[in-house]
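For reference, the structure I am asking about is given below.
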Amino acid sequence: MTTKLSNAQIAWRAAQDIADGAYVNLGIGFPEMVAKFQPPGRQAVFHTENGVLGFGEAPAPGTEDWDLINAGKKAITLKPGAAFFHHADSFAMVRGGHLDVAILGAYEVAENGDLANWSTGPKGVPAVGGAMDLVHGARRVAVITDHVTKDGKPKLLERCTLPLTGVGCVTRIYTSLAVIDIDNGRFVLREKLPSLSFDELQAVTGAKLHLDGPVADLIVPEI
Amino acid sequence: MTTKLSNAQIAWRAAQDIADGAYVNLGIGFPEMVAKFQPPGRQAVFHTENGVLGFGEAPAPGTEDWDLINAGKKAITLKPGAAFFHHADSFAMVRGGHLDVAILGAYEVAENGDLANWSTGPKGVPAVGGAMDLVHGARRVAVITDHVTKDGKPKLLERCTLPLTGVGCVTRIYTSLAVIDIDNGRFVLREKLPSLSFDELQAVTGAKLHLDGPVADLIVPEI
Amino acid sequence: MDKRIASLAEAVADIPDGATVMIGGFGGSGAPIELIHALIDRFLATGSPKNLTVINNNAGNGHVGIAALIEQGMVAKMICSFPRSADPRVFTELYLAGKIELELVPQGTLAERIRAGGAGIPAFYTPTSYGTDLAKGKPVAEFEGRAYVQERWLKADFALIKAELGDHYGNLTYRMAARNFNPLMASAAARTIVQVSRAVEPGGIDPEQVITPGIFVQGIVEVPNPQQEEVLNRANAYYPEVSA
Amino acid sequence: MDKRIASLAEAVADIPDGATVMIGGFGGSGAPIELIHALIDRFLATGSPKNLTVINNNAGNGHVGIAALIEQGMVAKMICSFPRSADPRVFTELYLAGKIELELVPQGTLAERIRAGGAGIPAFYTPTSYGTDLAKGKPVAEFEGRAYVQERWLKADFALIKAELGDHYGNLTYRMAARNFNPLMASAAARTIVQVSRAVEPGGIDPEQVITPGIFVQGIVEVPNPQQEEVLNRANAYYPEVSA
């Protein structure tokens, strides 16, 4: 019995909502994994902030070209029909609303769509990268995340407590337990693990879960 | 005895002040003529608003390529080391202060540096092109013009009467009679035709001519 | 992913009455003559589209391309920097008769407003036009002791542009100075339709040499050996052809 | 017209104490390692330049390039979007000790501020960072019902960048994703110094393929087979080399 999805399984689920031909930016780290799970017959075009559209998977170790990297500074390869451009053009794509989807990680997401994913507070070195641009640029901003923090606290909240990345920007959250839309300032449950009751899910969610139509079973393959 | 310079002679004089390696934009029409008179041993790089840097003279009639034109829609040729770019990059060069010199025509120039060269008033169809960008972009904005209008009225005035192209933007005027700097809101005479007395020049100038050091003879070749 | 459109007629079929349409080109260079003429064909056959707002550097020359579009009465308003040309009669007569509206914009401001539209920048400041009639009614602000005018982004429902190579994903190159406004307009329209002189497979354009990445393009139609406005005008051409 | 500089030492000789220096690259790709190391050599020999403000997307990685510049104590302030890397210790330790200043800027805003500096746009509005800590103290405005933050241009005294081909007039191309911030920085600095992997005669670059036109470049120095930061860091390199 699945008690929670692995990161790969969360990424798989998020990938199912990406249409053929969509232009997609995946945040660095965990979200990059979404690219691996494009459904057969669909081809998305992946954008990376540092100036590449249409890149493919990582090259074989030892064959890296360090002038060809993604925003996470990992080596990538090109697909036919790729293009290079400078950073201002790259963020024109982002800010100008040309990306169909951005999928990002999160420290916290609030029911009003606020996202916190860049700073855990005043300690340490702050680093923001392109996250603040992406959340106000892509037509659809989705989050993939474990449903709770490592010590079991809710990451889905009434209001974020950490410094915000963006205001009212997230519209869908793929978690290790559920798929939740943000609609008019409310968390609306769309899918949940069949092994989990609504009340169990509500208990690990920091804001009220609303229902708007049937809740589907969140079923993903073993990966 | 020369009573006034021809347009070609005015253009020749203006060309003498363009340094080797300067990036230069020449307004459409009469100012384009300046390019013909670069002093030997000097090479300027000519910019045209529609996205070419490093263009050369007109092609032989019948050999025009109408994808290779200047801002005046005349066919041009390329020199080695030329570059193409789009209109926003082209005006980044202009507005961003990267051009060394812009040389423009004028209906009127005022002693405060104001320029009127785009509209003769509310009648007819107004057209501005790139003039308003050039006057606030190039490091040095110079004007070449007949000293007076066709009916003998001064074009150099205390204040412009026609709609302005730019405020306080012109620093040097090459006319059919003189070379005049604009310095702290004053016309300062630098050169005049030797055949012309100061008083004769003042009589056809609509604002006071100041002296600041010696006035050189304006001597240009027969062209 | 495959953005190819089979015909010029199909390429312009969705442009509705009242649309704002950016049309690429500077004078004749880079002007998508065939797309414009396809739009005229549609208007002559169906009465649509009309009441268009057209954004272009100029306002047509002679009786082809944008001049022909205006001559058919399809254009309610021009947004441009330089509505003069070798033969500007079509626009001039309608303008002086009060039958077409004109928004005159300095050329660099026009380019930057379009770029801003594509880049998600709703407003910016420029020194251009400060203190002139073209700045009237616009907010001004001072930065580091110099005065600037606030300008707003410019977007369109459609862009009709011309490119040299285009792959199936919409990656584009341009030919010499025909680049001009085309890449900017591609980025600033909800739907960008491109006539390419040669369609190639993905991979047929070196990624280093792509000028407009396909993300900015919604449809491409191949038009080999496109007409040049300048050549048509020197032949005193009309569109549609005037029967002799 | 000939912008070639004979040596790396000469290329960086004019950068004074307290200068604002844009340094191209995103992580290691497009990072002008040899120019940075030449600047360190000068500092070690002469004690200058120091108190630099450095603008780069990152704040160095390992102990080469910008990390080495910081490690030598030459940098008073970093303006960047992401001062993290595989090995960010050099910056992190100085920052937590209060010995280096940080201005954190969202990556797209950083790129656009630099582009604005080059394009003569003193300020622009962006939705990025609205409602966040990084917008604190900045003017906000509403356009068409949406809130935006006003951001200012960013310029520099010098830009040190890396290109692939460069002709004697300063026309440049870049290599793949090494393009990143380099063309923007070239436009936004009073003096742009470029290390090119191959210098060519004027005409050696197709005018269609020029990414940075020479008007934005003041000096070029040829550095064949330039080092890659990533390769150096995987070899645990230090600059200057630590004697064993």
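A few points about this structure:
Letters are used for the chains, namely A, B, C and D, taken in the order the chains are written, and counting of residues starts over at 1 for each.
Here is the rule we go by: contacts are C-beta pairs under 8 Å (C-beta built on N, C-alpha and C of every residue); 3 or more make two chains touch, one makes a residue touch a chain.
These numbers come from a predicted model, not from an experiment.
Set side by side, the interfaces A-C and A-D show unequal numbers of C-beta pairs in contact, with more at A-D. A separation of 56 Å divides the Cα centre of subunit A from that of subunit B.
Subunit C and subunit D have CA centres that are 36 Å apart. With centres taken as mean Cα positions, subunit D sits 30 Å from subunit A. Within subunit D, residues 112, 115, 119-121, 126-127, 174, 176, 207-208 each touch two or more of the remaining chains.
Counting partner chains per residue, subunit A has residues 52, 84-85, 88, 91, 94-95, 136-137 touching two or more of them. Interchain contacts give a graph that is no line, ring or star and is not complete, per the touch definition above. Per the contact rule defined earlier, chains pair up in contact as A-C, A-D, B-C, B-D, C-D. Residues of subunit C that touch subunit A in their complex: 1, 115, 117-121, 167-169, 171, 187, 201-203, 205, 207-208, 210, 213-216. Taken together, the subunit B residues at the contact with subunit C in this complex read 48-52, 64-69, 73, 84-88, 90-91, 94-95, 119, 124-133, 136-137, 163-167. Only residues 26-30, 57, 81-86, 88, 91-92, 95-96, 102, 104-112, 114-115, 126-134, 174-184, 211, 228-231 of subunit C touch subunit B when the two sit together in their complex. Within the complex formed with subunit C, the residues of subunit A that make contact are 20-21, 23, 43, 45, 47, 52-54, 78-85, 88-89, 91-99, 136-137. Residues 112, 116, 119-127, 141, 143-144, 146, 148, 152, 173-174, 176, 207-209 of subunit D are the ones touching subunit C in the complex.
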